[in-house]
Structure formats: structure tokens, C-alpha cells
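Next, two complexes with chain A in common: one pairs it with chain B, the other with chain C.
Now for the complex of A and B:
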């Protein structure tokens, strides 16, 4: 393309220079999505939209927020909430959005697990997705610190304290992360940096990787069917849309997604305007005080299951302290989802309800996570502590036994 | 062939320089996250013990934690491994965070014990857990005795002796 002819239109002028035509084809009108899908396949677009909403609302909050222990609390609770025009709206959007984004992430994740969309060529989609989950968790945790209320402070204290359990370097590591012997101004400022710059940059990078990872193995479908995307797309382009198993990303797939998105945003803004209090813990409206621990510390709902795994082990087993056991289990819980594609030894890519053994495993896991979430919020005393212990053990056992369950399943179905 | 090996050499040389630069920048980044010198020097707290009243709890702040300092009355007995003698008087020096879930217990002058409002744990005046959920006595901060001055954050012989007994 060395020779340029005079452009007849503005579109052509840009097309000559940026290859818009080709770009739109590759990214939109000839990016093929299976037809046999349901509303659960809209979660990716929902998450992209939610991330955008969080970035935009965050930018407005950033204009008035002050990352300093003496000013942070008032800059949020007085300046943004009372003085800035619609400041309360941006704060509520940001807080509710952070909570809802995890709801959708979990739906997205368990849709992937249910339909087996993590194996047979789709491993990188799964791993990049799990990377996004970890990055969103870091983003949620660092953001929760910023209003500098009592819950902000003590969540930061407890979570950074976790690193103290690492053998040998633990104690020094905690001081290094905090930049002080306790959670202090240096801690707040560096986590502010992480929250508004480094982690969001990493998230954007991971989103690009996640989308890219979809291009070659393609999106899974409701039946877990493998077919030739080239042949099906040729059919579609030739006009046989009815018999083709695929549709273009734009306008066909996205128009359905936007429909789901419409309902979702109604729900989201209902929460923002009428039920924002669930994302606004009353304890966090007391200013951070390092010398006064709240009677009961708990994380936001989306971290409860892993928090419960952390504290589920409250007594010594075989000479290893409960604290160390909890830490080991916690580390296991954070990492084990990454290797799910290799723990599932069955070659079946089918919805869980069509897999003879995996279906029990899947619903058992969901039930266990719900129990962990509920008991993660309750004080760990008496019977609660034992339920926490049992459900933590169950969580570990589910993943340890998965290779055996799926190998038995593979044998039963004859490797299909 | 000549070209290939030259290119290979240039590649290796570049790799070596980049590796040195990479490690150096990582070190610099690590240093940037280190606690500042002012923070490190503020990691010590000194308390003058001479002015304290017996049976009246003094709370000092060391590294963001409350430190209980209690001067004993004549009739309060010292506990080996938990009580320190400075001059003619005995003292308890301990981190004022309940070992159950980190609340700050209150001192009751009349009962001469510590009571935690959160979950009802109790400790004796020497910080030994005597009731409720706390799993162990109150932790001891590293300290040094310098005349009648208590230096928190440094390990003195008295502290080492107490740790050896505990």
C-alpha cells in the first residue's frame, strides 16, 4: 500500500490510513460467536461496562479525595458526600459498583465452570480470567482502605498482618508492605497509588489478554459442541444464516447482550439509588483509630468465603498452629482455581448436568461456598467455629478429590 | 556465519547490560517501599517511670500499639517472667491488646485486673489470662531499662531474662 489515491469520503480517508474496514471486520462484524448460548454469556460485556463505570466514577472521586490520614476521612464523608454536587452519587456508584462487579465475576466464573469452558484449548481464557479475579480483589481491598474509617483501617491491619505468617521473612515483610510498624500514613498513600494507577493498569492489560485468549479457541456454547468456525462463518456470509451455528459479534451478539445489560443496569441503579447502604458499612463511618478495635471485624461479602477458610482452623493439628493451618488453607484457596483445568481429568466439555459425577461436585462446591460466605460474617464462637472448620475442610477436600472424581467419570463415559 | 556470531554477541551483551539494569532497578524499587528513616527512628518510645503512681495504669503508644505500664502497690506480688523490678518497685510492661481478638482491655483498680469489654476476657495485673476466651497472657514488648527510663523497642537484659522464663 504505497500508493494513495485521492479519497472520495472522510471514511475512505481514514480507512486508507487506519484500515478501519479491516479492523471492524476482525474485531466486530466477522468475529464469530456461537448461536447456541444463553443470557449467561452476556456477563463478559456486563463486566466490561461495570469496569468502565467504576473508572469514570473513580475519576470524579479522585478530584476531591485526599490520601492523607488526617484528611482522607473528611474528604470522603464531608467534602464528597456533602459539598461536591452529586458527589454522593459518584461515591454510591463506586461503592455499589465494586460490590456488584464481584457478583457478576462470580456468575461469570461459575458459568465457565458449569459449562466446562476452561479446558481443551480454553486454558488461557481461564487463567487470564483468574488473574483478573485476583487483580479485582487487590483493587477492591486497596479501595476499601481509602475512606479511612474503622473498617478500612482494621481490614487493612488484618489483611497485611496475614503476610506475617510467612516463615522467616513474615515480620519484616509486613513492615515493608505497610511502610511502618503499623497501618499508617505511608500505608494509605501507597495503597492509594495501587488503587488508582498500578492495579487498574494491570487490570486493563489482563482484560486485553483475556479477550485475546478468546480468539483462537473461541467462545464455548451451551452444549459444549466443537465445530469448524471457518465453515460455519462461510455459511453465514453466504446468506445461510439459519443453518449457520455462528453469529457475528456485532451487531447480532451485542444486541442481545445490550438487552441483558439493560436489565442489569436497571438492577444496578436500583441498588445505587435505593439500597446503597449494603455497600456502606456503618462501622466505617467512624474515623480510623489504631488504638480501638471494633468488636467484630469482617470483610465485604465477596471476600467472606476465603476469610472463613482463613479462620476455619482455630486449633492445632499435628503440632501445626491453627493460624498457620488457616494461612496454608487460605493460600491454597487463592491458588487452586488457577489449576482447575488440570484438576479436571475428564475430557468432557458438557454442561455439568450432563456429566454423571461432576454435577454433584459442582453443586456441592456452590453449597459449600454459600455456607462459608454466611459463616464468614458471623462471629467465630461456639458452634459457628465448628461449622467454619467443617466447611473449610470440605472446600479443601472438594479440590483434592476432583482429579479422582473426574477420572472415574472419564472411565464411565468411555473417554467421550 | 560471521554475521550470526556478531549478532549473537551483541544480543548477549545487551542481555547482560539489561539484566544488571533490571536487578538494580528492582533493588531501587524495593528500597522505595522500605519504611522511611524517620519511621524507623520513631520505632522507639521512652517512658519515665519515676513519676508513675502505683495501681494506676499508664498507657504509652509504641509502634501504633497501646503499651500497658502498671506500677505495683506494696501488697501486689510480682510474677516471675512477667514482672520487672526497677529501683524499689515492681512493674508490668505489656502490649495492651487482648490476645483473643485484639481489643484493648480496661484496668479495674479495685479488682486489680484487666477486663476486656469485647468478649469478656480477663487478665491479672501481671497480664496472665484468668477468664474467658483469651488463649495466652498479654504479649510483652521488647524493652530496655535505662535508670528509671523505659525504652520500648530495644531488647535489654531484663527483657531477655523474662523471655527466657516465659
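Now for the complex of A and C:
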């Protein structure tokens, strides 16, 4: 063991034992981020803050929530919303936050796609990010069940029912997930456990992995430029801050993130206090009733595009039922984003608009996802069903053709 | 500038999506119906321009109404328990004390003339059907007599205002069938009795201000059949003011923190705005060293 000398200050005392100096350098003041970035690179920090807000508000809700089919609804809508001081505030923050976090996730994801930040060494960032997406989806879905309103119940019913379409094991699987033959008290209690314990733990783990994965390939930049981080950071430390291509995480990168965060929170709190229906569906203020199917059942907005891919196939093709086709397409949609780094066969790391073919693919995908999202909410009747079908097919085709499009692009740009 | 362009593109994409899944989807799922009609113009059986005679109205009410209805304000107390009354009539008959205040004049007159058609419940109680509505039609009365009854009821109605009126109107107009558990209010008629009488269980209305929203309630209470064809809920014929009182009561019960939410909201936003400005200034200072 190294020799310890008497510490002259509290700081030194801790530094001797925890290496604070070194730690802060590695994590903050000498963690290098490219300088050439725009506000889209603040989304990761926004997500970290949103996750923290969700955890804190969730802990407050947990003090009064009752995971029991007879008590859940009133514990939320009466006890928390009306009796407990500022209970409504925590619920609004939590419910609206859970919805808005997906908006930021989508912006973050499509920023990654637009700038090609998922390939050439950044594959693990992407995969850990997708893992976070899946975990957040599980968190959103399980949380939506807890107030035990009509939409909680029926969305849970419809979504767990989806697993019934899996060949051979489907029927048993649904019962296993629900813990009963129908959505019931056992379903609520187990989703409660998932929502407050298992999934958040997994999310924390995945965030650590995501941050770790960022460390070696480094964060991408607006031009997709590769440069020598060691050389640039030396320049910065030597005092040539203006010509260095990097900035330290603290205080330079974070100062910009706080600024973006400030205006984002302004928007967020506006939604929390004055415009929350999109996240707290009025239908869910009716208590769950297994005998009364609501006229329209739809999941939360952030699931609509994949829900529409599922619904899009509503008729039999080549002897396979619409339901099975939908399920296959749905499974495809859930998985395909994970392998994006390998579907993109072009070596270019550039903003999409500077890539001759990929740019069309990107904006086409965005347009298709918006159409899917909107039609995922509308009743699937008449022309709506056909729009759903066409946009689902388009979604599949976009991903099936991506390797060919990008290979052609690689040829055109000559491997650059 | 480039960053503003990016922001504008994101705002446009989010805006289009939002429009599609909120206002547009709402419009498709809940098509607009005819505006609420507080004159109840479809009811024309009684000439309501006739001036009523209060004294004659009193005589008529005592001869025709108090056999079934209590009128506590005029000293006619309820003689049966709620349970017995529900068993005898199907639903506890309303006390008429505040009828003259809460019901629209035209509606009230035409209701006395023929309750079932005024309530838009002919599908539940067809003429000659198996089940008859407990209150008979007074279509044998002269329009003048009906207007006398209306004038009398208006003359005895107590003047109440503010929160007391909200609760009283709710109790008189809705509270015979609908409980409001979050306000510890229990319907005077039991659920089972109503189910037998009207064919459906009336829901507890504690959260209806949130699940249905003011706009929908405004139209629905005025004429339930328009928004929910075939429902057992009668058109109750509230005047616009009385209906606003009912909705206010639903809001006080179901969204009791609204005022607090709105004032706290402004403060939080103001605070966040100051934070955002300070963060911007700090960012400018820090980045001026590296640019």
C-alpha cells in the first residue's frame, strides 16, 4: 500500500482515498467531445435528465400508489391527484415526462441515423441505444397499465394478445405473461414489479453500457469527420482552444446542453401544466371494465407506427392469414433497427443530405413513419386500412432495399 | 442559423404528427354534432308565452303532484324512504323544490305535458310498450294550467348561488341516479333499482370531467341521444346556467387542483425561463473562448 501523508484539507483527504482529481479529469474535464456539433447532440443529456426526473417523480408516486385492481384507479385519481399535497404535480410530470421522453428518444435516434453515427466503430453505441429503446418501451407499456383505466386495461389486453399469434407456444405464452387467462390482478401486480424494479434497473445498466460504448469510438460530429482526438486534445490543453477540434465535456459541452435543456424544459413544463391530454388520455379516466370495450383502442402515440405495421396486413396473402403476416411484419419492425449498421453497406459517414442515395431513403423513412403513426390511431376502416397496408409494405421495403441502395451509393462515391 | 433551420424542420415534423394523432384523430373519432339547444326548440306542445298564475299553480300542484313528489321548500316532506320510493316507482321521484330554478321553462312545461317525449326516451318507453314511465303525461291539462304550475314552481325555488348552487343542482338534476364518490355523494336510488328501471347502470361521475371533458358534457347533458344514440340517460332539460353549475360541480370534484395547477404552472415556467436565459449567457461566455 502506498504511503499516506496527513491530508491538509477535506478535498485532499477524499482525493487520497477516491482519486477525485483523476476521476473528474477522466469523466469531465478531459473527456473530449468534438466542437463541430449542433443542438441535436444535446439530446443524450436531455434524455439523462428526463430519466432522472422520471425516477424522482416515480418515487413520490410510489408512496401512495396501490397495485391492486380494486384500489389502483382511486389511489391514482383520488389519493394522488386530489388528496396528497402536490401529488397531481408528480403525476403530471411523470405521465407527461414518459411521453415526452419518447419524442426526445426519436429525435436522438434519427439524429444518429441522419449523421451515420451507428457505423464504423460506433456499432455498440447504436446497439446499446436500441437496447435502451426497447427497455423504455417496456417501461412505458408497463407504466401505462398502472392507473387501471379503460385504456390501461384494453391496451394491455390487445398488446399481450399479440403474443398469442406466435406458433405453437402463443396461447400458453399469453397466459404466462398475464399470469391468468385474462388481464387481471396478477397481470397488474407483475407489471407493477417490472415497472418499478426490474426494467428501471436494466435501464440504468444499459445507460452505463451506452456511455461506456461512447468512450472509445468517440462522439460523431456534424461533418462526420474522423480525426485524431489525442492530437486535438493536446492542442486544447496547450492553450490553443480556438484551433482545437475538441472541447471538454465539462464545462464546454455541458454549458451548451444546459442551454438547450433550459428551453426544452420550458416546453416540457408547458405541456405538464397546460397541455397534457396527449399523454394522459381522457379515456383512461374511466375505470377499467373488462366487460365494456371502448369504441376505439389505441396504444400510446410512440407505439402507433409499429402498431400500424401490425394492423396493416388485414387480409390473407398466399394462404397466410392477415394476422400472421401482421405479426411477422411487427416482429421485423421491432428487430430491424438493431441491425441497421449492417444494412447500411456504404462506408460514408456523412450527414444524410450529403449522401447521394441515402438522403432519399432517410426522408422517405421519416415520411413513412409519420404516416404509420397517424393512421395507427385512426380507425382501420375503408381507405384507412389501405393506407395502413401501403405504408406497412413501404416500411418493410425500405429496410429490405437499404443494403442495395447503399451498395450502389458506395460504388458511386468510390468507397469514400 | 443552421440550427434554427434544423429546429424548424423538427418542429414541422412534430407538428404534422401531432396534428394527425390529436386534433385530426379526435375529429374523426368524435364527429361534431349539432350545437346544444337550450331553448329546446323541438318541444312545441305548450304555448309558453302564456303568463302563469302562481296561486292557481299551487292548487294544481297540490292536487296533481304531491301524491308522488315531495316539495320540501313548500312543506311537503318525502313520506317514504329512498329505498321504498325506488321500489314503488323505479326511481326515487324528484323533490320539486328547485325544479323551477334549474329546468328550462319551455322544457318543464313540455315535460309536464309529456315526460317521455321531452326526455327523448321514446325508445325505452314506447307508447303501449311493456314498461311505462312512472310519471303520467298531463296532456289533458290546458296550456294555461301547465303554465300556472310552472309559474308556481318558479316562485318557490330557493335563490342559491356559488358552490352551494353547484352542488344543489347536481343533486337535484343528476343525483337521483349518479353517485359522485370523490365528493362522498351517493345517488338516492340504488344502482340495481336503476338497472331494473332504465336497463343500464348509471356510472359514478367523479372523473367524468376528465374522461369526457367539458365540451362533450356540454352537448351530452343537453341532449344525450345526439352523442350516444340509444342511451338510457334522459334529456333532463337543464337551463344553460343550471348545466354550467352541474359541470362546475363535476370540475370541483374531479379536477379539484385545477386552480393550483395553473398558478404553479406559471411560476414554474417563469423560473425555467430565467434558468434558460442564464444558461444561454453562460454558454455564450464559455464558447467565446473556444470559437
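Throughout what follows, the second predicted complex is superposed on the first by the 415 of 416 C-alpha atoms of A that agree within 3 Å, B and C clash if a C-alpha of one lies under 4 Å from a C-alpha of the other, contacts with A are read in each partner's own complex, and residues count from 1 in each chain.
Convention: contacts are C-beta pairs under 8 Å (C-beta built on N, C-alpha and C of every residue); 3 or more make two chains touch, one makes a residue touch a chain.
In this text, all values refer to a predicted model and were calculated from it rather than measured experimentally.
By the document's definition of touching, of the two partners only chain C reaches A:103; chain B does not.
Once the two complexes are laid over each other on the shared chain, residue contacts for A:40 go to chain C alone; chain B is not touched.
When the shared chain is aligned, chain C comes close enough to touch A:282, but chain B does not.
In the superposition on chain A, contact is made by A:295 with both chain B and chain C. When the shared chain is aligned, chain B comes close enough to touch A:176, but chain C does not. Residue by residue along chain A, chain B and chain C are tallied for touches, and C comes out ahead.
Judged by the touch definition given at the top, the superposed model places A:186 against chain B, while chain C stays out of reach. When the two structures are aligned on the shared chain, A:390 is found in touch with neither chain B nor chain C. Contacts of chain A with chain B, set against its contacts with chain C after fitting on chain A, overlap at residues 295.
Interface residues of chain A, counted against chain B in their complex, comprise 175-184, 186, 190, 290-293, 295, 297, 381.
Every residue of chain A that touches chain C in the complex is listed here, in rising order: 35, 38-40, 77-78, 81-82, 88-89, 92, 103, 107, 241-242, 244, 247, 251-252, 255-256, 258-259, 261-263, 265-266, 269-270, 272-274, 277-278, 282-287, 295-296, 301, 304, 366, 370, 373-374, 377-379. By the touch rule above, chain B contacts chain A in their complex via residues 30, 33-36, 39, 43, 61, 63-66, 97, 101-104, 118-119, 133. On chain C, the positions that touch chain A within their shared complex are 2-3, 6-7, 10, 13-14, 16-18, 20-22, 24-25, 28-29, 182, 203, 206-208, 210-213, 256-257, 260-262, 264-266, 268-269, 272-273, 275-280, 282-283, 286-287, 289-291.
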